[in-house]
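Next come two complexes built around subunit A: one with subunit B, the other with subunit C.
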Partner chain A sequence: MEFIEGMGLLSVTPDLVLMWGIGLALIYLAVTRQYEPLLLLPIGFGILLANLPLALLMAPEEGLIWHFYHYGIEWGIIPPLIFLGIGALTDFGPLLSQPRLIFLGAGAQVGVYVTFFIAYGIGFSVEEAATIGIIGGADGPTTIFLAAKLAPHLLGACAVAAYSYMALVPIIQPPIMRLLTTETERKIKMQKGRKVSAREKIFFPIIAAMVIILIVPASAPLMAMFMLGNLFRESGVVDRLTDTAQNSLLNIVTIFLGVSVGATMSADSFLRKDAIFIFFLGLFAFMLSTAGGVLLAKLMNAFTSNKINPLVGAAGVSAVPMAARVAQKVGAQADKKNYLLMFAMGPNIAGVIGTVIAAGIFLTMLK
Partner chain B sequence: MTEDVLAPLSGNVWKITVEVGETIEEDDEVLIIEALKMETPIYAPCDGKVKEIHVKEGDTVEEDQPLLSIE
Partner chain C sequence: MAQVLDVFLNGIAGVFAGMGVLYLTLKLLAMLPGGRRKEDQQQ
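Our next item is the complex of A and B:
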């Protein structure tokens, strides 16, 4: 009798079954469509696990995945470690070669702030609104980092929204980019930037970390690890550390990140109409950020003879390198001999920094 | 007259789609560079004949490195 009462099967509710459906749908998208599989696969499985009654995997102080979540995400450890890996993978060369493109990475944060005000206006708390707005940066680890600090109950939905929109960058962005540019603008060939020396690339992470953290101290955990990873890479003397940061360590923390984020999505926290708003607002934020980058590039063109192809402005969202690839593809459709990829990497990387700073500003204001 | 095709971006030479001696037209694909896990086709800047290919498949190329010469 006790065994039968202890079986989870008898405690299954329709809400739980619906959550299984969502988890399975993410696994399906990851496997068949390869939508961000490294994240959506463990997230999907995490959702399944969190909604198996009586398994208590997410029970505070007790459950296995709760421990992953508590020490990894609530303590804010895993997202900065992801940034260590991203830093080791990032070449700041394209950014340093044309420093003015940094502005585009900042311009593409417009969706974050506008959506913050809209979400606040329609009744979300100020902390929730910030967490929803940051989806517009299309940066998974930053979204998770901010959500864990400000609105943990929205973490699952915001993370899934951010990663879904990252996967959908090639579908969401091109229509907006075409709408806001003329054929002539899309054909603009950009002048090569200056050559960047190896020494500059070593100095950059050191100086950037100091300046940004001095100005926005709350961005320190993510920014410090991002720049440390990059210093590993550019120093050229610690190949073993670079390799570990960008491969093994990044893979290890990705596993714990994915399954923990998925496991935050229990039926009672996720199946509320908030979740639907989050997906819509997040999408809106992301679209607005894309438009913001493109329009800022056009504005900059009004003041300079060295024209910027406005398509690279759309890469100011921080989905690296998907957004840069999209700029290349849309540009090549207008003129196949226009190679925008490396130009677009500048705003793309600036976008990552921009989103981290935006998160830091929210933390400073709200914490 | 010889014109060099320079690499418009750094990356790996994924595939060379022309041979020495081949006659090509402007906008023909000459090779594919892989960068950021994306294949970027490189197109001929002018009509002509492939005089020399300076790289082979799998090579890492830097921006502005000559890839091939067309005459």
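Our next item is the complex of A and C:
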């Protein structure tokens, strides 16, 4: 009898079943549509696990996944480790060869701040509004890092929104890009940037880390690891470390990140009207950030004869390299011989830096 | 509300300022001796 009473089956509620449906939907999207599968698959499974009654996997001080979440995310360890791997995978060459494109990464943060303002206006607290706004940066680890610090109860919804919109970049961005540009603008062929030396590439992560951390100290955990990973790569003398950061370490922490984030989405914390608002506001932030990058590129064109194709401005959101590929694709639809990918990688990488700075400013002013 | 406006304005200004400083850094890096390849200097 005691065994039967201890069965989770008797504690299943409609809310839990609904959460299973959400978890299974994410797994379905990851497996069949390959929407951000590296994240949505473990997140979906984490949601299932968190909503199995009496399993207590997220029970504080006790549950297995709670330990992953507590030490990995609450302690702020996993997102910087993800950034170490991303840094080791990133080539700053496109940005170094055309430094002016860095501003497009700043322009694409407009959505973050406008959405922050709106979210506060419709009733979210300042900390919650900042966490929702950062979704517009389309940077999963930064969203999780900021949510864990400012609004842990929104972490699951914000992370899923961020990763979902990153997966939907090819669907969300093109209509906005076409709406804000003329056919002639989409056909603009950009001048090739200069070649970048190996020495510049080695100096960049060292100096950029120092400069950015001196300006926004709260961005240090993410920025330091990002630039360290890049220094591994560009130094060319620590291939083993570069390989580990790019592959094994990144894969390991991605598993813990995904399962932990999914497990924060218990029925009682997720099935609230707040979650629906978060998804709508996150989408709005992302769309506005896309528009911000495109419009800033057009504004820059008003002051220079060396024209920028405004489509590369949309890559200022930090969904790397998806947003850059979308710029290439939309550009090629206007002119098949126009190759924008390498130009778009510049703002794309700048977008990562811009989102980290935006998160650092939120932390500085709100923590 | 004052705090939100403060964060909003400081945030946008801060991101552009940060990127502006980084832009200058990139420009300075390009001017370092040996910062460009020989073939670029010849062009």
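The definition used in the following text is that the second predicted complex is superposed on the first by the 367 of 367 C-alpha atoms of A that agree within 3 Å, B and C clash if a C-alpha of one lies under 4 Å from a C-alpha of the other, contacts with A are read in each partner's own complex, and residues count from 1 in each chain.
The rule is short, and it goes like this: a residue touches a chain if its C-beta (ideal position, glycine included) is under 8 Å from a C-beta of that chain, and two chains touch if they have at least 3 such contacts.
None of the values given here were measured: they were computed from a predicted structure.
Three-chain overlay on subunit A, with subunit B and subunit C fitting side by side and no clash. In the superposition on chain A, A:Leu96 makes contact with subunit C only, not with subunit B. By the touch criterion defined above, A:Ala358 lies against subunit C but remains apart from subunit B after alignment on the C-alpha atoms of chain A. When both complexes are overlaid on chain A, the residue A:Pro60 reaches neither subunit B nor subunit C. Touch criterion met: A:Met345 reaches subunit B, while subunit C stays clear of it.
Of the two partners subunit B and subunit C, more subunit A residues are in touch with C.
Touch criterion not met for A:Pro217: it reaches neither subunit B nor subunit C. Looking at the shared chain after the overlay, A:Phe116 reaches subunit C, while subunit B stays out of its contact range.
In the superposition on chain A, contact is made by A:Lys192 with subunit B only, not with subunit C. After superposing both complexes on chain A, the closest C-alpha pair between subunit B and subunit C lies 13 Å apart.
Taken in their complex, subunit A has these residues touching subunit C: 95-96, 99-100, 102-103, 105-106, 109-110, 112-113, 116-117, 120, 126, 129-130, 194-195, 197, 199-200, 203-204, 207-208, 211-212, 215-216, 350, 353-354, 357-358, 361-362, 365-366. Within the complex formed with subunit A, the subunit C residues making contact are 3-4, 6-8, 10-12, 14-23, 25-27, 29-30, 32, 34-37, 39-40. Taken in their complex, subunit A has these residues touching subunit B: 192, 321, 324-325, 328, 336-337, 339, 341-342, 345. The part of subunit B that touches subunit A in the complex is made up of residues 8-10, 27, 35-38, 40-43, 45, 63-64.
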